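This is the structure I want to talk about, given as structure tokens.
Labels run A, B, C and D following the written order; every chain starts at residue 1.
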């Protein structure tokens, strides 16, 4: 299925739920509001998008928002397996809370835990929300946000491994 | 037990009649991860994968390094499958830059990818063998893996960390005598696969251990979103090389082996069949490369920028020496998502650029990271001794999962 | 008076044989078995195996080095273990493992192996051989470690199933020769009426049961390293672990000697003479060579097969090995009835 | 002999006897050399994988390089081994496991740190999640490289052997009961919450 066809399909299926649907270089992104993410996810699942490939968050400190993106695709419908669809939600940076999509897509469970520990996004309704990869002390630091700065030096000076 | 305090240990209650066993991280059956297993008798009632023991912060480090530097960084995730893991990243950069590699470079990438895939599957076989107490399989697979590691070494100069693809091309051309070596390796490996079948895959003990163990049905596989040979063993025909052919996979002739059973034995067979397909792709790629000698391996605009000395080196030895400016190049703002098929499954890169010299965000989802969910949802209900069989059959590689 | 008693006790031939010959011989046997196992596996796996400590001896000194290292290494006694059981059981395992040697004749003459010519030698030797696994269960329990406990549980499952098969199968020759005396059984097999040929079912069952119950490689379910780290021996270090590990190999070798005697005709084609050389050394060498071949085959299986799952192994015991052993027993009764032996 | 009478039963002091026996065996009979020799040919690495160098570690024991010919046999449980190969990066989560494994091993024990990450962080020198292994356990031999080829690992094992033979590390542990050339390394980061009240 070509991106343009998918775009038509999505516009038809989602109707007014989507805030914005964009296609750029073969990558289709649907931007929705935080409170309409579950209905949209359910609609997408009805269309045939049956698993989540990746749950990503990106931090935009300037705009003071965190954008959480679910990349979904299909295994059971071969024509939908070709495109990857991004389902994005913009959350406020100081209190990022959204509904968990584990009820819709089980495959997002571990990656939502990852986003939780790296960005501090809380997923309401997640069955087991606790850090996945990091030790608890580090998980509190929200390490993938832009204000956690990692020093980068071209010449080695001392042991720069303690972060304040 | 409450009163007893041991250094570095936490005492806590578990449910009555359950027995909690910590498999890992220092445990012969775990690799660099931990599975917290709760047993009722000999049957696992709950398994909780506790990963992250090799989390080396690839995503954060990629954000602070220039565009080219994540290539060697990211391949440390799956050091045994280094080319497969970097090609999609390079593809993502190429999508952002609107650059495409010349066909010869694409073929070289595919060649190295397939060599890596064979080596990676052999690694998986070795670990699988040792999990099932079959030390000969470990030794044979690792011994034969050396053949392909050496092929890759001849092609790129490094045993494991090749850093071969660069945006727009590859670093080096193929040596003159490489095709003959590759063909010999392919012939050798075909013969060895027959021996593997006899000693391992058709071994009555192994078959008994694997048959009907860790069954993942078609719908379950889709629900859990697992990837790679595991999903193909469950009857889903999904392979990135088929769904979205990157590089020159649409010009090559190969099949995607699919099995319906979904158990550990089917997953093993998928890998055996995939090795056969990869060997055939290696032959095809080598044939094509021999027919198209002397074609460029970097795009023309890059070649034009090279100074005279670098051009001479490139034409004489086939080695690409880039200018320092290449390291600090700027990439136009945008988002790109690229995927590729590694030995263990599909890898996804989501790269965002704000037009600077470093990526704004690199998100990488590796196959093992997506397969980790199997431990939680498939392992319960099996016996404790099935855990290594399932672990080995899904070919889980912790450094890749933890990133 | 006291001194004389002590001297008498030490010089009492059976004790002498068990302590000195048994201990030293068993140590040597364990080392050779380990060396052979590592070397044979390496051969199958296309590599060299132990080599550099002594290239001319094929790396045998590496096993000696391992022994010395284990003996001189620190012995860790964790705070949570049951100390007395933890410390004493490995020693008891070794002693009980070696004891059956006293009842296994390597020569038909009473002069050279006085205890052995008693009427019930096979029965006693077998009974003693089945003891060490029980101690292994104790040992795992005393370690107070999760993996040890699982390991000893598995051990208890395995021995319940397979010791029965082993005893039944090895007693089959007694049924056909109408005697529990090993010397008599061996003499009945002269010159080539070997029971392994006449009664292959019992031989197969015995071989399988011995593989299983001594946790030889393809069936090392109790110490299956990928679920239960080292099974009952997880907490053991230093010399205590060496005792355990050596004990397993010695036990397998003693089983192999029993199999060689009762199934493979002992010193059978050869008729021992009376002087020490022809009466003791040559027959015992023949038996040892036969036993070594049995151990060799067991070691070779290490390289070819994977590990069974516990329930599958028990299934095989009750559904396959036990009927096989019973059939073998029945066949040996038929042999006795038809006077074939 | 230091013998004292306890209610007419003569009792030897076992500590003194042990010391004398040690002096006799190690001093006069020169058994120390034998012990050192035995340790060099019986270096069993524990199965502790920390990172991606594990791939090359596994290759070292594969048929092509076959480190078992030096007597090194990878073994399953820390209690029965005597040295660790730290394969690459040690993350904060793993550091605790590494330290516990080290503590579980019986003396005399040795540590080889493999790869650039184990030396000084390597490519991940500025990562927020790694520790240097030398902050967690005392290291005897380093192997540079990223990843070091199997030959380098074999070479490191031989280096460690030479070190044991020259410095008599194994027999001196028997005499002194402690390895004084390695002061006990206390992990710099409180990775395992060991000394939190």
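The rule is short, and it goes like this: a contact is a pair of C-beta atoms (placed from the backbone, for glycine too) under 8 Å apart; a residue touches a chain by one contact, two chains touch by 3 or more.
Predicted model, so just to flag it, every value in this text is computed and none were measured.
In whole angstrom, the spacing between the mean C-alpha positions of chain C and chain D is 34. Averaging C-alpha coordinates per chain places the centre of chain A 23 Å away from that of chain B.
One simple way to say how far apart two chains are is to compare their mean CA positions; for chain A and chain D this gives 45 Å.
Chain centres here are Cα means. That of chain A falls 61 Å from that of chain C. Under the contact definition stated at the top, the residues of chain D that touch 2 or more other chains are 62-63, 76, 93, 126-130.
Residue numbers of chain C whose C-beta contacts span two or more other chains: 45-47, 225, 229. Residue positions of chain A touching 2 or more other chains: 134, 143, 148, 150, 152.
Chain contacts in this assembly follow no simple pattern; the graph is neither a line, a ring, a star nor complete.
Which chains touch which is summed up as A-B, A-D, B-C, B-D, C-D. Partner chain D is touched in their complex by these residues of chain B: 7-8, 25-28, 31-32, 52-57, 60-61, 64, 72-73, 76-80, 123, 126-127, 138-140, 142-143, 145-146, 149, 159-161, 398-399. Of all residues in chain A, only 24-27, 29, 50-54, 56, 58-59, 69, 71, 74-76, 78, 81-82, 84, 86, 105-111, 118, 131-134, 143-144, 148, 150, 152 touch chain B in the complex they form. Residue ranges of chain D in contact with chain C, taken from their complex: 34-35, 37-42, 62-63, 66, 68-71, 73, 76-77, 79-80, 82, 104, 106-108, 170, 174.
Note for the complex: chain C touches chain B at residues 41, 44-47, 79-80, 146-147, 150, 217-218, 220-221, 224-227, 229, 302-312.
For chain D in complex with chain A, the residues that touch the partner chain are 92-93, 120-121, 125-132, 191.
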